[in-house]
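As written, the chains take the letters A, B, C, D and E, and residue 1 is the first residue of each chain.
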Amino acid sequence: MSTIPKKGINATTPLVPEPATVVAVIQETPAIRTYRLVFDDPALMAAFMFAPGQIGLISIFGAGESTFAISSPPSQKDYIQFSVMRTGAVTSAIHELAEGDRVALRAPLGCAFPVDSWKEKDVIIAGGGIGMAPLRSLLMHLLDNRGDFGRIQAFYGARTPADLCYAEDRAAWEARADVDFIAAIDAAHPDWSGRVGLLPGVLEEEQPPAAGAVAVICGPPVMIKFTLQSLERLGFGDQQIFTTLERRMKCGIGLCGRCNVGPKYVCTDGPVFTLDELRRLPAEL
Amino acid sequence: MSKENVKIVGFLCNWCSYAGADMAGTARIRQPAQLRIVRLPCTGRVDPLLILKAFQEGADGVLVSGCHPGDCHYNEGNYHARRRLEVLARMLPALGIDPARFHYTWVSASEGARWAEVVESFTGQVKQAVGGGSVSQTNEVDKMV
Amino acid sequence: MRFIASDGLPRLLERLREDGAEVWAPRVVRDTLNTVLFSPWSEGDEIETGAYSTLSAKQLVLPATERLFAYRYRLTAEGEKIEIEAAGPGMHAGETVVFGARACDAKALGVLDALFLSTPGQSYNDPHYRTRRAGLTVITLACTTCDSACFCSSFGAGPAETAGSDLILYPVGGGYLAEGFSDRGRELAALDIFEDSSQEKPALAETAVLELAGLEQKLLDIFDDLDFWRGATEQCLSCGYCTYACPTCHCFNIFDEMQGDRDGERCRSWDACMFYTYTLETSGHNPRPEIAHRYRNRMGHKFSYYPANQGEILCTGCGRCIRGCPAGVDIREVLKAAAARPATPGGALQQETES
Amino acid sequence: MDDLIATIKQVLAETDMVLGWTRSAAAGVAVPARFHTPREAEAAVFDSTCVHNLAVHLPRLKDRRVGIVAKGCDVKSIVQLIAEREIERDRVRVIGVRCPGMVDVKKAWRCFGFGKKVEDAGGQVAMEGKTVAREEILLAKCRGCRDAVPVIRDAAVGGVQGQSVAAAGELAGIRKRFASMSVDERRRFWRDQFSRCIRCYACREACPLCFCRDVCAMQTREPHWTGGGVDARQSEMAQLIRISHMAGRCTGCEECERACPVGIPLMLLLEEQNALIEELFGYRAGTDPEATPPLLTFDAGKDAGGGGL
Amino acid sequence: MRIGVFVCQCGTNIAATVATDRVVEAARAMLGVIHAESIQYTCSDPGQRAIIDAIQQKDLTRVVMAGCSPRMHETTFRRAVQRGGMNPFMLEMVNIREHCSWIHPDIDQGTLKAIDLVRKGVARVRRQAPLSGSTVPVTRAALVIGGGVAGIQAALDMADAGIPVTLVEKGPTIGGNMARLDKTFPTLDCSSCILTPRMVEVKNHDNIKLIVNAEVDQVRGHIGSFEVDIRRKATCVIEQKCTGCMICQEKCPSRAPDEFNAGMGESKAISIAFPQAVPLVAGLRKEHCRQFVKGRCGVCQKVCPADAIDYEQEDEIVSGAFGAVVVATGYDLYDWTGSYPTYGMGRYPDVITSMQYERLLSASGPTGGHVRRPSDGAEPQQVVFISCIGSRDESVGRPQCCSVGCMYTAKQAILTKEHIPDSQSYIFYIDIRAAGKGYDEFSRRAQTEFGALYIRGRVGKIYPRGGKLIVMGTDTLAGEQVEIEADLVVLATGLTAARGAGELARKLNISYDGYEFFTEGHPKLKPVETNTGGVFLAGACQGPKDIPATVAQASAAAAKVIGLLSRGELETSPVVAAVDRNRCVGCFKCRDVCPYGAVEQEQLPGGRAVAHVIDSLCQGCGLCNVACPPSTISLKGYTDNQLIAEVVEVLR
């Protein structure tokens, strides 16, 4: 994995977050909200750098800290964006946040997608549900540097039209000629005139060529499972496929112990892994 | 010796004792101002741990009051409460908490005057109990008592 | 060699205290059922030099709970703001002396250093740990006897290990021979409480030896052999004793301790990989739901992952987990059985695609 | 021992496994073991170091047919688990054993050293030339034991009926001191005791009746009774949670106290609570599989409490 | 989190002793509070408008209302915040009037306390989640269990209101105990004259389905939608075919006891209970029938002109769906024979119960209304009545008053005199309880007009002597022993719950007392409800009572059911317990303590059994929350964390 400069973290006390403010809240789906955060310290905000795939830990004091993928692209200097699905105590507390509310943030952490090594290659992106969050960051980064890559195909699947995030972005991607973006929902729905079908099937219908390509998939386990099978049928090798892992994290810096899969720590060795790496890890997901 | 500046937490059921306290208020019966009332549907909702938690958080006294046995809005709630609270009350000495700092009783919606008497006399009892230089006074850090 | 008479020990420790150090030593705790713990020592306190302490001395560098920072919500002219104030190391931040550590305890500190003091860029350099570690003096009591739970000889020099110790005291007639293994240790040995001696170092204990060769790979090879792990953990009750008593276990939890709604502290606290809640995710999913999964990770971390990542085995053979286990689990039996177990195929994707 | 092994083999014929003890070479005392085959059962032992209450495993083996070698006090836990419907009576085969009183292994190790083979015979406990009076080294619960005869049993070893029960001893040691303390002294006593707690939850995990385990409120933030930190107040609250939840359920098996690595005398509180539950409700947990635990029911007419000031 | 705090001045009611501006200022500094103001009269229209405006302008998500008691105005303000667009349960009221300004004259004390209470309210509302009740559809049908006068009255009232009613009766006919009475006090109406027309009305009512010889087998579901299995016992008679001609009874060779006549006469193995029975259908009692006992007979089958006899008939389960249940299982008479050894334990044929005497008095009884004593058929001259047999008698464990004994004994004494003008009645009594309208007058008439001799005291012993019964008692007023040579002794036996009442209660999950009388929802305010929603009580099954009280309660129960079933669906209270399935360990202590049977077992995929709360049954007491060690069942709106936060905040 590429080593990314990790500015934004307090260098001497990396377990201490920095105060930040919510500048915008977007209700994406009934269960997902997007938050745009800005560090209260303008110098920190100006120096903030990261790469797609990296993560941040949002603190709601009293409730605790939780890990989320950064969903804005590195070129977005005005804010750092996270999409949060409501699942537990911390995410419920985050869902209570309104514009102007104060939080604290540790970011960026973890390793990024090695986009530097993808130059000239075709990139296939497949995101399911909340798994689209890091891929939004990635896709926008690829588009910011469009000339560096070959064909870009992006697939985004959800159960129903109401479960799709990023409506504005989707419209923009669909309008662009230099990316083949397909959003699909699992089953026909009166509010939906677009593609219908499970993501692995849609992917196979589109038949992206494996040669000289990389594929990035992110989503719920069952989606990953079948998408991997589709990619294998399309001829993708284990080193061409990238995904991200999710684990409960506390420290984010490889110390506290819980996020390891065998000898690898998701917080520092991941969250981005190639399929090849995953195959060599013990079966504990 | 008695301590004036005490804090007392009261857990009152909504149907009888809270209403009884309301009635005491409506009748403008003056009462000591140290009590803070937490309203619950029933004394059956009072977890003994809430009482211990209150002591640990620095309460000088804890008072629980509900419907008279047999009159529970939920028929059986205060019967269960009575068992739970009696066990707790008798455990307090072993835990190192003066049992005089805890009391549970029954006050109906019509017993406004009695409610005021309960508050008056329990407040006095607590002031007496914590006034003797117990651990809570000698060491503010260790609040349980 | 230098020598200190038995009755000189309290004088030594008192001298250290006078110099401003806090002194910790193994003591039988009053009102307990014969529990020996490293405890703050002051003059007149009896020191237990025979029985082993139930808990290790790691609390002096990794306290069971410590503050990371305090937070406050404050109403300002611009509305509500958060103030964050990073905490210092707090406990044991100054000079600390631990007396009566054993070779296995001292060595464990070095094992932890590999992670907590690793060079910047590689991993994390923990400021609290660094401060405490820098102020810690380890006076080790060499073991001339041992019990059947000891197996330090499986790791390097065993009872003769000097890593991590500043000063080692060897029991001889009437007192202890003293040898310094750091500047601090040599400085102490030079004090006038010690005298020169020509006595020979005593013979050290011979502890049980556990064959560890090949274990690093073997634990990966039998990762998917759940039958093995279930069998090995059938007595385990999944408490956190072994991890908390272990001188090398260092996993921690981070949580907020509220003082009302506006103020609070973020703390880190020892956590145990044997707890179900350790890896429980908010969705309800748990990658290590069974005791077998958790124990497997514990063995893997100690004897495979940590050696692979940090070059050190995360065990020094102190035997505490064996002596104190309420269910009588003996880690050596599990490792022996693991070594004898044939490898099984598997990999991360296997489980994912099957689940 | 032959009788025990033969009985275990018999019970194995109708169960998936039998929980019992075997001798640990390293520890020199009995350690818990599971016997799945008659061959494994050959290693079974029973002596005065079989301190563990194996009933702790039963809630985790609900779907299996399990035999269990059990002392009278262990059987109380089994009875209570049945009374609380946590396990089914007909899935458990109880092998009652004649209990000689159990040695406090930690004390023994303090006297003799860990791993030394402890010989228990005729009022004396001995090893390598040292002897200690048996009385001094018995577990507290064995003094004045009222429950040596297993309340339920499907098989018996060593004639469980009519065995002698250790005489009620006078309060000794901590118990004696505690009994004479004032309320404020007790407050300080507990603050000191709980300042040692490391929140390892061995007390809970060793308790056969603490079957909430993984979701136990000692550890949760929902409900957030207490913080997760190691400090006397938080640890005390955590322990009060357990003690409160044991009211009317604790059979006094002493496993929590035995498991506590830092020697907190938890039984002082549990014994007190058990005694007052018996006084108030005439109920002793673990003596009647049909009885309803007292805090799950009430007696409108007989229960007393509450009232005027 | 966007919290608004509103501090009501209540004119000067609060403002006089609580500095509301200081409370507002303190509230502004509380976490999450973005709006705080003090309002003169919050409950007034402009006051409520101010709250609504603030909610809408500042996008408030939670509101704390400091003012009067929530028992006064909680509903008012819940509606107000709802109009403002919030969930009504995101409002928390703190009581700074009844619990503060009105009882603390010192303004500093009052203000500090008010601030504490507001802080408590803020902490609590911060942890509040929006709540909404669920709706459950209501099955528009009612089940009445028991076909005595209570069941008949309730069934007719409901049926007249258009509700389909199923009336289940254990015996072969409806009418219950009242049908066996001769006359009723205090009017001396003929009991069957007033009852039988009602019985026929039941039979003919389009909205009533009558099932006799049947009992409730199983009850599932809850208020609004019960599913009930009714077991119709085999009677060997096809009900639809039987014409009630009674030829079978006439020809039947097997004798059988006459239960309708309380054992005073004799009946046949196949019979109709009495000529006015509804339905007028014969039934066969196998235990007395030669066909079944000896294996051969078949007379009834041969003689039946309607071909209605079917010896192969089996029990039949009739299932039905109901929105509500009225329990009207009535009473049985106390069985005295086991517990009054000095009265002969039933060995003297001329010591009979009041119901047996009632049958002797009745024109439809075994003697055609001529009073003849059982032993020799002679007309008695000296009749002794003894009150309080199996009631008000601690020595037999029945301390309660039967509430009708005094009155029916007076009635029977009067009727005795009417039947046998030269007879003399003696009544041993403890107290004369005649509290109803016209009752005291009636019992006095028994003495003054009909010459009954009242003796205050108990009878110590009865023994036979030469064809007479010697009754030895004490006259406690005169302080002397009394000895009467009686021809007939009538025991005023008390009322007990119907046999099997406890078992039925367990099926319905309603409570009952130590005598198996069902427990009403509240002794004062819910006399016909039970603690199980949708199950109502009528008549003596709840406790001994006379006919007018029974009928009144039956109509009351019917009114409750009519009200309940007039709604298409029921909204359940949102303040109910809920289970966190992920964390439930399945110990079911919650179910053990639930007074309402609102907790059931839910089997999760994978086999794990967890608790599940039936919202429509849960009343929100929170007993389960405390019984659950890890609080995985928790009471919405009163969660542990809310209560803990309140405690922490008031102590800061």
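Just so we're on the same page, contacts are C-beta pairs under 8 Å (C-beta built on N, C-alpha and C of every residue); 3 or more make two chains touch, one makes a residue touch a chain.
None of these values were measured; they are calculated from a predicted model.
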item: Contact distance in steps, from subunit D to subunit E; value: 1
item: Chain whose Cα centroid lies at the greatest distance from that of subunit B; value: A
item: Between C-D and C-E, the pair joined by more C-beta contacts; value: C-D
item: Centroid comparison with subunit D (C-alpha atoms), farthest chain; value: A
item: Between subunit C and subunit A, distance of the C-alpha-averaged centres to the nearest whole Å; value: 37
item: Centre distance in Å when subunit B and subunit C are each reduced to the mean of their C-alpha atoms; value: 46
item: Averaged-CA centre spacing for the pair subunit D and subunit A, given as whole angstrom; value: 51
item: Residue numbers of subunit C (touch at least two other chains); value: 73, 80, 253, 255, 261
item: Contacts with two or more other chains, residues of subunit E listed in rising order; value: 593, 627, 640, 644, 648
item: Of all residues in subunit D, the ones touching two or more other chains; value: 189, 213, 221-222, 225, 295
item: Parts of subunit E lying in touch with subunit D, wherever the complex brings them together; value: 583, 585, 587-589, 592-593, 627, 629-632, 634, 639-641, 644
item: List of subunit B residues in touch with subunit D within their complex; value: 47-49, 52-53, 56, 69-70, 76, 79-80, 82-91, 93-98, 103-106, 117-118, 121-122, 125, 134-135, 142-145
item: Of subunit B, residues touching subunit E in the complex; value: 7, 9, 14, 18-19, 21-26, 28-31, 33, 36-42, 44-48, 50, 53-54, 57-59, 70-71, 73-77, 80, 84, 116
item: Contacting residues of subunit E [partner subunit A, same complex]; value: 1-2, 59, 61
item: Residue ranges of subunit D touching subunit B (in the complex, touch as defined); value: 183-191, 225, 232-233, 236-237, 240-241, 243-244, 247-248, 268-269, 272-273, 276-277, 280-281, 294-295, 298, 300, 303-309
